[in-house]
Structures are given as C-alpha cells and as structure tokens.
Amino acid sequence: MKFIIAIIKPFKLDEVREALSAIGVAGMTVSEVKGFGRQKGQTEIYRGAEYSTNMLPKVKLEIAASDALAAQVVETIQQTASTDSIGDGKIFVLDLASTTRIRTGETGENAL
Amino acid sequence: MKFIIAIIKPFKLDEVREALSAIGVAGMTVSEVKGFGRQKGQTEIYRGAEYSTNMLPKVKLEIAASDALAAQVVETIQQTASTDSIGDGKIFVLDLASTTRIRTGETGENAL
Amino acid sequence: MKFIIAIIKPFKLDEVREALSAIGVAGMTVSEVKGFGRQKGQTEIYRGAEYSTNMLPKVKLEIAASDALAAQVVETIQQTASTDSIGDGKIFVLDLASTTRIRTGETGENAL
Amino acid sequence: MIRKLVSGAGAIGAGLFGATAAFAQDAALQAGEAVEPVTATVNKGDTAWMITATVLVLLMIVPGLALFYGGLVRTKNMLSVLTQVLAVASLAMIVWVMWGYGMAFGGDANQFISAGKFFLAGVTPDSNVATFSEGVEIPEFVFIAFQMTFAAITVSLVVGGLVERMKFSALMVFALVWLTIVYFPIAHMVWYAGATPETTGLLFGWGALDFAGGTVVHINAGVSALVGALILGPRLGYKTEIMAPHSLTMTLIGTGLLWCGWFGFNAGSALEANGSAGLALINTLVATAAGVLFWMLTERALGHKGSLLGACSGAIAGLVAVTPAAGNSGPFGAILLGAVASVLCALFVVSVKPKLKLDDSLDAFGIHGLGGIIGSIGTAFTMLPGLGGPAAADYDLGSQLGIQIAAVLVAIVWAAVGAAIAFTIAKLLTGLRVTPEVERGGLDLGEHGERAYNY
Amino acid sequence: MIRKLVSGAGAIGAGLFGATAAFAQDAALQAGEAVEPVTATVNKGDTAWMITATVLVLLMIVPGLALFYGGLVRTKNMLSVLTQVLAVASLAMIVWVMWGYGMAFGGDANQFISAGKFFLAGVTPDSNVATFSEGVEIPEFVFIAFQMTFAAITVSLVVGGLVERMKFSALMVFALVWLTIVYFPIAHMVWYAGATPETTGLLFGWGALDFAGGTVVHINAGVSALVGALILGPRLGYKTEIMAPHSLTMTLIGTGLLWCGWFGFNAGSALEANGSAGLALINTLVATAAGVLFWMLTERALGHKGSLLGACSGAIAGLVAVTPAAGNSGPFGAILLGAVASVLCALFVVSVKPKLKLDDSLDAFGIHGLGGIIGSIGTAFTMLPGLGGPAAADYDLGSQLGIQIAAVLVAIVWAAVGAAIAFTIAKLLTGLRVTPEVERGGLDLGEHGERAYNY
Amino acid sequence: MIRKLVSGAGAIGAGLFGATAAFAQDAALQAGEAVEPVTATVNKGDTAWMITATVLVLLMIVPGLALFYGGLVRTKNMLSVLTQVLAVASLAMIVWVMWGYGMAFGGDANQFISAGKFFLAGVTPDSNVATFSEGVEIPEFVFIAFQMTFAAITVSLVVGGLVERMKFSALMVFALVWLTIVYFPIAHMVWYAGATPETTGLLFGWGALDFAGGTVVHINAGVSALVGALILGPRLGYKTEIMAPHSLTMTLIGTGLLWCGWFGFNAGSALEANGSAGLALINTLVATAAGVLFWMLTERALGHKGSLLGACSGAIAGLVAVTPAAGNSGPFGAILLGAVASVLCALFVVSVKPKLKLDDSLDAFGIHGLGGIIGSIGTAFTMLPGLGGPAAADYDLGSQLGIQIAAVLVAIVWAAVGAAIAFTIAKLLTGLRVTPEVERGGLDLGEHGERAYNY
C-alpha cells in the first residue's frame, strides 16, 4: 500500500475530491497548510509595517491507497489539480507498512 | 522505528492520549483535519444555499514509536478510539528512517 | 529522496526557513499543530474550571529533499531550531518513494 | 416623597397615578385636597431618555447577552446560544403585548397579578403614564416598550444555565409558560401600586425596595436557571472534557454592551431624566468598576492570576448587585455593594461550585442569582445615610432588612416552583434534551443546520 | 393633524414650516389667520432624542451593517466588505453637506429636486427646522446630520448585491453618481413638502405614506443592488463552490446593532420625543420579533431546521417592512406586517432565489427590496383602525392602496434606471470587476493588501 | 456669549456659575446687577442628553477602544489588552469619585488643581451644575459621571503604546500615579473656570480653546504613551518578526463604536441639547468621514493599496483632530481639519515611524498625540468666519494661534514629565516588563492564565 500526500491549491479541492471518488478512492484526510515554494506571495502592509512571507494557503490531502490504485491516484490528482501556473503543488508517495480500521480492527487493504 | 498516523473522532482525543501515556508513549503531535469517507456529514443550509460536503472534523495523531512499542500503540488506539460506529477512523503505519531530538541532537530511539 | 517532518517551536519558524533557503531548500509545507511531550503546558483557569492539557502550539514542517541534501536539512533544522530548552521538538525522516510536480507532471528530484 | 423616590420603578405610574392624564386628574380630585389640580403633562426630556433607555436594554440582549453567553460555550454550540437568546427574547416581546403587560401592569386585580389592557386594548399614542414626580408623565407606549425589554432579558438570562444541551423547541415552550406563571406575576408583585392595598403588588405593598429589578430580573432568572440545570443534568463530559470558552473576545464585547445597556436598565428605572437617574448613572459606573477590580483581587487572593473572564464576571456581579440599589444608594454604598457581591460571587463560582455536581453552565445562578440576593439584601444597608444613602432620618434598618429578606425568599420560592412547572411542561411536550449524538456534534449543526465559523 | 402625523417624516419642517424660526413666523403670517403667531421654540427634549437618533443610525452602518454583511462573505473577502461600507458611507456624508442636502431639502424648486443651501450656505447653530408639531423646532444641524445618516446607510445597503467581486474604485464612482441621481431626488420626492404643490415632492404630494424610509431607503437600495448584481454577473464558483458565511457570529452582532440602531431610524423619524415616537418604538420591537419567529417557522414549514441566519434575516425583514409603517400602524398591525414580510421574504430567498441565475449575493433585494415593497404597500392596510391603525374614520383604503402602489412603482423604475446609469458610468471609468485572480485570492489581499485574520 | 460658546466644555459650570442652584443665585447676586435673579432650573432635555452622552463615552472604552486596540495585537496578547483597558478604566472611575473630581473640578484652589468635594462630599441628587446657558443646569451627578468617563478613556488610550510587553501590575500602578499627577491637573488647567483668575485653570485663563478634550485627552495620552514606549523599549522581535494584527474585524468594530461613542464626547461637551451640540454632531460626522477617505488617498499616493486599517486609522485621526474644534468650527472647517490630520498622521505612521527605533506599538502617539496637536492648533483656524467658524468679527487669529501653541506645549511637557515619573514609580514597585518567556508565550497565558480563543 501507498500513502500519498498531495499539496494543492485550495480552490481545487472539490474538483480533485470528485475526480478521486470517480476512480474509486473511498476516503481521504484533508488539512489546511501553508506552502512555501517558487510561487510568490502578496505583500501585506499594516500601517507602515510590510510583511511578505511567501507563505501561501494550500490544502494537503492524505490518501492511503492500494498499490494497484496508487499510480492512478497520482495521475488523477496531477491532472485535476493542475492550472498550469506556478504553485500548483506536489504529490509525494510513501510506502505504507500497515493500515487498520479503528471501528472493526480490520487491517490491510480491507481497511481502506 | 515506526511513524504512526491515526485519524480519530475529536472527542476521543483525551481518552486516547491517556491510554497511550499509560503504555509509555511519551509524546505525540496532534492536528485538526477534515475527513472524507463512508461516514456521511450533516447538510448545512444558509438561506437557500445547501452544502453537504461529507467533510467531517477529525483529529490526526502522529506518533513516532520504537518497533517494539509500535504494535501496542496501534492496538491501544484501535481499542480506545472505537465507538463501533462508522467514521471512527484509521491507523496508518509507516517506516521511520531516523529521528532527531532538536534540543540535544540525540538520534534514534533515544530521541523519542 | 527523503520526506522530512520537523516539529519546532512556532517562533523559530522564520529563522529555520531562512536557514533552509540558504542551503538550497526551495520549498516546504508548514502547518500548525499541537504537541504533547515532556514540556509542561501552562494551566488555564476559567472561573473555577482548571485545564492543563500539556498540549502546546508547535509548527510542523514537511520537506521533501534529495538523499544528498537530506542530512544537511536535518542538521540545519536541529541547529537553528534549538533553544536548549525542553520542547524544542523532533525531526523525523521517512523514505520518499516518488514525487510529482502537479504543474508539469515532472517526477523525481526534478519535481522538488 | 422618599417612598416614591426609593420605591421600585415602573409600576407606580400605571397604578396609583393612573395611566392617562384624565385618570391622573381624577385621582388628584379624589384625593380631595386638590383645589387646583396639577395638569399632568408629558415631559419630552423624560420621553427622550426613556426611549433611549429602552434601546439600551435591547442592546443588552442582542448582541450583549447573546455574545456574553455565546463566547463562553464551545464553538460547536455558539449559534445555538445566539439563536436561543434571540428567539426567546422575541417570543417575550410578542407575549408581552398580548397578555404580559396586562398581567403585570394592566389594572387593579389582586396582589399577584393585574388584569386589563390585554392586547393593549385602549392604549393609543395619546395615552400616558405617570412617573414618580407629580404631574410628570411619559407616553404609555414608551413605558410598555421599556418594560417589554425587561421581560425579554429576564427570560434570556435563564438560558445561561441550560446551554449546550437543551432542545430549542423545549426552550420555547419553557419560555412561554415561565413568563406567564413566573415573570409577569413577580413583576406585578414587586412594582405594581394599585389603588388599594388589596390590588397593590404583594412585595411592593410590604415596602420592598427594588429600584431596577434585582428581584424581578436577577434572582428570578438565576433561581430558574439553577432549577433548569438540575432538571436537565450536566453536559456530557462535564468535568472530564475541556470546555474552555471558545472566544473570550466575544464575552468581553458582551460585557461592554451589557454595561452600557445597563444604564437603560438602572437609570431608566427612574422613569425621568433627573437627579435620581443621575444617581443611578454614577452608581452603575462605580459599582461595576468595583466589581471588576474586586473579582480580580479575589482571584489573586486565591492564588490564581487575575483574568479577563474574572474581570468580566466581576463587572456583571457588580451590575447585578447595584440593580436594586441604583437609586437607593450613594456612590460609596454602590462601590461597597459591587465589591462585596463580586468577592462573594467569585468565591462561590471559583471555589465552591467546582465541588458541586451541579452544571449551572454559565453561572446564571452563581452571578445573577447570588448577586441579586446580595444586592437586594444589601439595599437595606445602602439606604443608610451613614453610607451616603438616601434614607430619611427615621429609617429603620432592621425592619427594612426583614422586608428585603422576606421579599427575596418569596421570589426564590416562586421562581423555583414556577420554573420547575415550566420545565416539566416543556419536557412533556417536546422532551428537554437533545440526543447524545447532537450534543457531541454540537447543537449548531444538530439543531440549526449551520456552523458558526467557516474560516 | 392626521396628515402631518402620518406623513413621511423629515421634509415637512424644512419646507412647509420653514427652516428657521423667522421663516416659520413669516409662513404663519402669510397664512393670514395668525393674529397671535406661535413663537416657534427649540425643544431640548426633542433635540436630545434627535441627536441620539442620529448616533443610532450611524451605529447601524458601522459597525452594524458592515458586520451583518461581512459575516456572510468568505474570510478572504471580509475586509473588502468592511472597507466598502465604511468608505461609501463616508463619501455619502461629505457629498451630503456639499450638494445632497441642497438637492433633497434645500428649498423649493420642483417636484423632483430641491435647490438651495448647497454647501450648507446660511446654516448656523441658530438655524432651526420645524417638526410635525406647530411651534416645535429642532436645530437644523441636527436635522441635516440625521438625514445625512439616511443617505449614508442607503448607499451602503447596495453593497450587499455586489460583494466578493466588485472593484473598490468602481464602487466609489458608482456611489457618487447614484447618490446624486437616485437617492437625493427620491428623498426629495418622498419627504419634501414645498410651499406649493409644484415644489412639493412628487410622491409626498400624492399623499404616499413612508414614515421612515421604506421607499427612500429600502426599495431604493434593494432594486439598485439587484441591477448591480445583474450587471456584474455572479461570483466565480457561484452554485458550484461552497460559499458559506465565514462568521455568523458577526452577522448576529450586526443584526443586534441594526435592530438597536433602527430605533433612531424609525422613532427618530417622528422628529420629536412624543407619543408618535413611542408608537414607532414599540412597533419596531414587535414587528422585528415577529420577523424573527416567522422566518424560523417558515424554515420549519419548508422542512428545514430553524436557523440563526434565518432568525437574523427575519429580524431584518421585519425591520424593513415596519419602516414605512412605524408611526402609521398599531402594534398588532406591526406584528402582522413583520410576520407577512418575513414569510414572503423567506419563501423568496429560500425557495425561489436558488432557482434563478441571479447572484444577489447577500439578498439586498430579497430582503430590503422585497421587504420594502411589502411594507410600503402594507402600510395602506396597517393604517386601518380595525387593525389598530391611526387612520381617521373617513380613510379610504382603496385610494391609499393605489397611491402606495404607484409610489412603489415610481421608486422601482427610478432606482433601476438610475442605478443602471451609475453602474455604467463606473464601468466606463474604472471597470466594474476585479480580475479572476484577485477574485480567487480574495479581495482583501488583492484590493486592500491585508488579511482580516492572522490567528 | 462667544467666549462661553467656544470655551472648553465642562468646567465652567462647576466654577463660574457655581455647582448648585443656590450657589448660582449667589453668584448672580454678587454680580450686582441682578435685580431679578434668574432662577436656575434643571433642564430634562439636557439631562437626558448628558446621561446618554455618558453612556456613549463608556461605549468608546469597553468594548470600543478595547477592541480597536485588541484587534491590532497578536492572538496571544489579545486578552491582555482587553483586560488592561477594562481594569485601568475601572480604576480611574473609582479614583475619580475619591479624589479625581475633587482635584479637577472640586472648587477654587489655584491654577493647577482644584481642592474640595473629595469623596464627593456634599453632592446629592439635588445638587446641580450650570451649563453654558444662563439659568440652565444639569444634575451634578450626571456631570461627575460624564467627566469620569473622560478620565477613564484617557488613561486607557495610553495602553496603546505599551501593549504586548508591560506587566499588568505595573500598568495599574502607573495608572494610579498618572491620573493623579497628570490627568486631573491638566483637566483642571484646561476646563476649570474659578471665581478669580488665580483659581481659574491656567490654560483656560489664557483663553485656550479645547471644546471636548484635544489637549486633555489626546495630546496627554499620546505623549504619555510615547514616553512609556521609550522607557519600556520595543517588543521582542520588533521589525524582524511578523506582528500583523490578529483581527482587523475587531479593529473595525472598535472603530465603529469609537465613532458612535465620540458623539457623547464631542456633542456631550456642549452640556446641552442645543444648536452647539448639533454643530458638534455634524462636525464629528464629516471630519471623521474626511479622515477615512484622506488616509486611504494618502496610501494610494504613497503607492500602496487603500486599506481597511488605513480607513479606520483615518477615522480616528479625524475624530481626534475635530475634538478640540467640535463646537469651534463649521462643517467645512471640520472636513478640512479631518483631512489634514489624516494625511499628516498617515505620512507619519506609514513613512516616518518605520524609520525610527521607537515601538509606539499601536500608534497612540502617531494618531492621538499628533492628531491632538494638529486639532488643537488647527482650532485657531477653524474659528475663522471665512472657514465657516463661529468667531466674532474682531477675532485675532495670530494671538489665538499663539495661545493654542502655548497650551499644546504646556500639555506636552506636563504629560511627558508626569508620565516619566509615573512609569518610574511603577518600575520601582513592580518592574515594568514581563519576562521574555512570558512575552514569547503571550501575555494572555503568562499574565492572565487564559487563551482568547479555543476554536
């Protein structure tokens, strides 16, 4: 199994989630993060004080998927989340050693 | 060492944390996330606009544990966090290559 | 490639980010988390009710780095984020199976 | 004159001096000695102030009290508190013009209720009511509106004991019954001066002092909230889970608006823009200031840090305590009252309450009930000229103290029994408590289908 | 007398009875029959109330309306809403003293505008204007300030249809033009009583009833917002993305402050602290309470949960509807009006609007426009003595209804055409809409370079 | 009459015309020519307005100023700001009735302080003070309460220079000393008219104009905050860490409430509900509106975006500047003053301050101090009839300008020296600054044991 972490632009969340549902991803976990990268942020000014952090709001998806599905998940995210503009984000894939469903105690791919 | 990621229902957090302390887990990192899965969310309506996202508030635990303790951690979480109802969450276990304690620079299991 | 997760004290974020930029880290993802560990939290009292959770605000960095750079990243974080006081945080390193840049579809170290 | 000055505000006009200029003249004539009857006239300065006072009391309810309470609950129940306050206050206003004013001030009947002017029958823009000064009147619609806001805030205060678990529908049923069997009769008993002792409100007839509603509003609401908290039982997770206030910022806003609005309450109860209102004004400033400082000092004395929630709680304790005394005290009596009430409420809430099983969630009893009792009894003391109070030389502290205590006891018993009945009726009709799932998930989503914040 | 009492508040003093004591005496002398002319005097009670009323209307704008609207948008656009409301209101105030007062109330010209007193020429602290009672005046500066706040809130209300996508600069241009060609003329038409029919405002001359601005403020703003929403087009992602209110807490605060401030609006429009103001006071309490309860009941009837946003929306619907009727209705007429407006607006907003393409983002039309229309037409009914209204025995419902409908139609057409012109001019000068990138990223950063929250 | 109209509000009644009706008659008799002494009477319209004005000034403090300041700090220090404002304001109120009123207005002593009426000795609900109109009085308790709120807000304003690092206990000590040695004397010097030149306040005797407190409140607080910021030193991380306002929404709410409350300040300083109050009312509307727009324009001129924080800052700058001029200017003079103050404060805060080492954290000096100076000096100009001001034909701009500048200098020096003493005493008694750990972790947890938000 794979543990897929994707960083995307916030307004793409709904689209990506629907696309993933369509290919059979039954669940995922989402969090709000700040991203630092090539994309430049906007400068904020409060009275005289200027802040330009380049920390931009992003959304992080975490998806556990069977090895079979993993590649398709990555591809789907890449295609749906892309806007061809800088800052679209990244997809990271890690190996997942085990999975457990808390409700039932099931493990492995059955737990996904 | 293992890196354990658990998604649980928010109100179970205190109970799980205490149970983990009891088996010798000295630390963990907690964040608020939104979960998407089989559990259905409630529909919100604001004047005419209906939103039913199925994105439910969950809590994510991240726990680095020695290989020896890891299985027990998973079991403890599974048992404490379960309410036998859909949406109780998942536990994911990843391999952890290395650990460093920032204060001292210690590494490996000493750093946990 | 490695996937590095660091938990640090919030006020160290700017310093760490600059130090990492200096050694060539082009991007990272940041989130707000709560940490539980040896460091003791402050007790809060609201009218009679006392709460002392030991859950302290921390910042989590996630950085994908080439194998070459990974060790230096860990070292830089460890040195910059340390205040020699309890609660400075941890650095966890995981193996990263693959990386994709959403904008271009590039993969591997090119995508970092 | 002193009796009028110090007596509870509000009712006397509607009763003793009659509700219209014509009635007032009749009364003057009946008095026999009035060879040159004073022609009662509406004073526009008084009217200007009383309209403003009415707006100020509304400001106390929404957004004032709604935010004060709302800030203290968890995020997931924020909207439910705001909705409950807004809805019961609205309900109280509608009921007030239907039968509330009639039952409280509508005309002579007996010592427990009035009867008359139901659905405001006969009231027009030209109807006036007397104030405490002979020959001075204000428009009756203004008086009705002013008193309407008192009914509305009192029932809203009860919400403080019931939050995070009570069904919205149950609260509405409770409010309807409780206003009818508790609030309207108590308002009549404390503030209505009828033509004869038999038709004058019971406590008013005894000579009980309640300038602006220590008994009618605060003891009443505090005791009823306590009864409700007992009947409902504690919130799930009470004392085991963290239930920290989700936004003390909101509680501070609420505190500030309550303070500002309370001048409508206290100085408005003079019914005129005069020196008595001025006295209530300054007392309501300094008693509250003393409450703020003494709660924080009590926290320090108990080994804690002085907190904002403490400061806000102290402000409310001071305000509650000075309510019955607002025009019945000098400024230093008011400071004393604010300080004493603040210390005692702080001791109760910080040290005693955590040992009880009771979940009076937002301390409606611990602050309004207790503060109201302290204020009502304390008013017997603040009257003393030695404390700068307005009592005459022949003032008898002992007997007044007896009257105040008796009045407090009547209010406590009446409110407790009436509230128990009202909660029971609500339980039978709708059930009192939300399901555990809704309580877990929060009443905002479960009862109202919304979230307070979507950041 | 009834005509004066029931007529639209505001203008009559500046026109018919003259703007200064001297003018008033002249007028009296011209009237021929005034052998003993009443010396008009400023009443300080009235002045006290009118200053207070002015402050209350300002409270409605900032923070009231700003928060009500701001809470309903997404976090990323919060500041833009707050800034827009604050800035257009400020602009309106400056324009008002330059040519607004002159065009609306400055002196006899024709049925569509006044002309005179531009830049407040000739007005001093000793200038007074008449009220509705003979011989009673208030300082003209107070009257100018009071009316200034009406202009300011009306243009701010229009923002509700335009949020989350309109350029700040475009809004400022729009406001300048719209005030000049829509607001000032309509205010004149509804409230200005000139010396002759030819110089009296058109709708006022017809005898249209608008106590506190149902037509001038609400229909006007609601229709203009609708036109703006149509011209701008819907927000990106409208109906596909989640656009839930980012903080209903702010919307509740706004609702409470709007309610409290509205007494300045409605009771202030009596221009005096008298029984008529008292009537407006109580009506503004109960109509709103009815609005709160009936919107929630409508939600239940439609199978939804009763919501806080519903309660707040109902409060505003009730307030809007009672505005033209505030002094032209008894309390039960007001309750009826509040309830009917609340139910109809709820049906429109909850059931009809979602089926339309139209993105009247914060329902400026659905609540202010529609509620204003219901209130203006309903006022013909609430006048009926049978409903407790103040009409004389010979009141002719049919003809008054005709007048009200005609006045509403004139206002709708004038506002629609004028708003279209104003938006078009803004479009030509600055462009109307922000870029899609700014809209995605939020107007706070894109237009103002700030974030609302940095928690 | 002009001298009375234009003079600083507040003191004259307590001094020149005497504090009670009896005293006033004496004074009249002493004047020799009073064959038919005017019987001074309390006007209820004035009283109604002054009670309302007092409530409005309280609204400025809590929640107004508390939120304005609180929104500008970081989340972790929110509660500390709210607590500091609430607690120092409360302290000021208690001190005011003990020795503040006595030192400022208590009776003739010398040009620097009054002496008498300590602990409000002898004041009863029947005591009255004269207003600016002969024979017109208001209850003394109302006057005391009104002036009390001025003391309370002034010391609260100082907090703006000290936030995010000063110990709570140190602030309380500072407040106690500072009120006694700075505020009460300056209030006396500016506003107290004694029976003889030797007992008349120094600046008042010179003929300095300060209608509502430009000197007493704003210069005073601004300069003292500056001194405090210098003594405390900058916050840890100043200019290196991000210190963006945690909630501009709160700052907007604060701005709105400050604006609304400021009418109590400015129009209340007329002490009557008359044309002079009306003038202050309209000036306080348009000067603020000009401030809003011109700060945003200045931002644009400097190449930035027009921001909400700018708009709010401009509103305050306009309000501060118009304070001394409120009744001493025509509306267009007020617009000019608001615009000039807004532009100059904006230039200072946006362009000059970032280059200084100084951490006047919330610009208490940059806006209140500077705005107060501009307003006080500008008042010499707004008096000019050519600008619509109320000066008589023989008004000598040059000499008045000299007086205004001299008065400003006295206030600056007195405040600076006094504040330095007060901070030094606090430092000796409690230490001024929290530990670096507490500063890092936030004063909310470190000093008060609470968090502002638990979402």
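Residue numbering begins at 1 within each chain, and the chains themselves are lettered A, B, C, D, E and F in the order written.
Just so it is clear, a residue touches a chain if its C-beta (ideal position, glycine included) is under 8 Å from a C-beta of that chain, and two chains touch if they have at least 3 such contacts.
Which chain is which protein? Per UniProt: A, B, C = Nitrogen regulatory protein P-II.
Quantities reported herein were computed from a predicted structural model and do not represent experimental measurements.
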Interface residue overlap between copies chain E and chain F, same or different (over half shared): different
For chain B paired with chain D, centre-to-centre distance based on mean C-alpha positions, whole Å: 48
Approximate Å spacing (C-alpha centroids) for the pair chain D, chain E: 33
Between chain C and chain E, centroid-to-centroid distance (C-alpha), Å: 54
Chain F residues counted as touching two or more neighbouring chains: 43-46, 48-49, 52, 242, 244-245, 247, 253, 304-305, 307, 309, 449-451, 453
Chain C, residues touching no fewer than two other chains: 31, 44-46, 94-95
Touch relationships between chains, expressed as pairs: A-B, A-C, A-E, A-F, B-C, B-D, B-E, C-D, C-F, D-E, D-F, E-F
Complex contacts: residues of chain C adjacent to chain A: 3, 17, 26-31, 62, 64, 94-103, 105, 111
Touch list for chain E against partner chain A, complex: 237, 240-242, 440-441, 445-446, 449-451
Chain C - residues contacting chain B, complex: 2, 5-8, 31-38, 55, 58, 60, 74, 77-78, 81-95
Chain F-touching residues of chain A, taken from the complex the two chains share: 44-49, 51, 53
Chain F to chain A touching residues, read off their complex: 242-245, 304-305, 307, 309-310, 313, 349-351, 353-354, 363
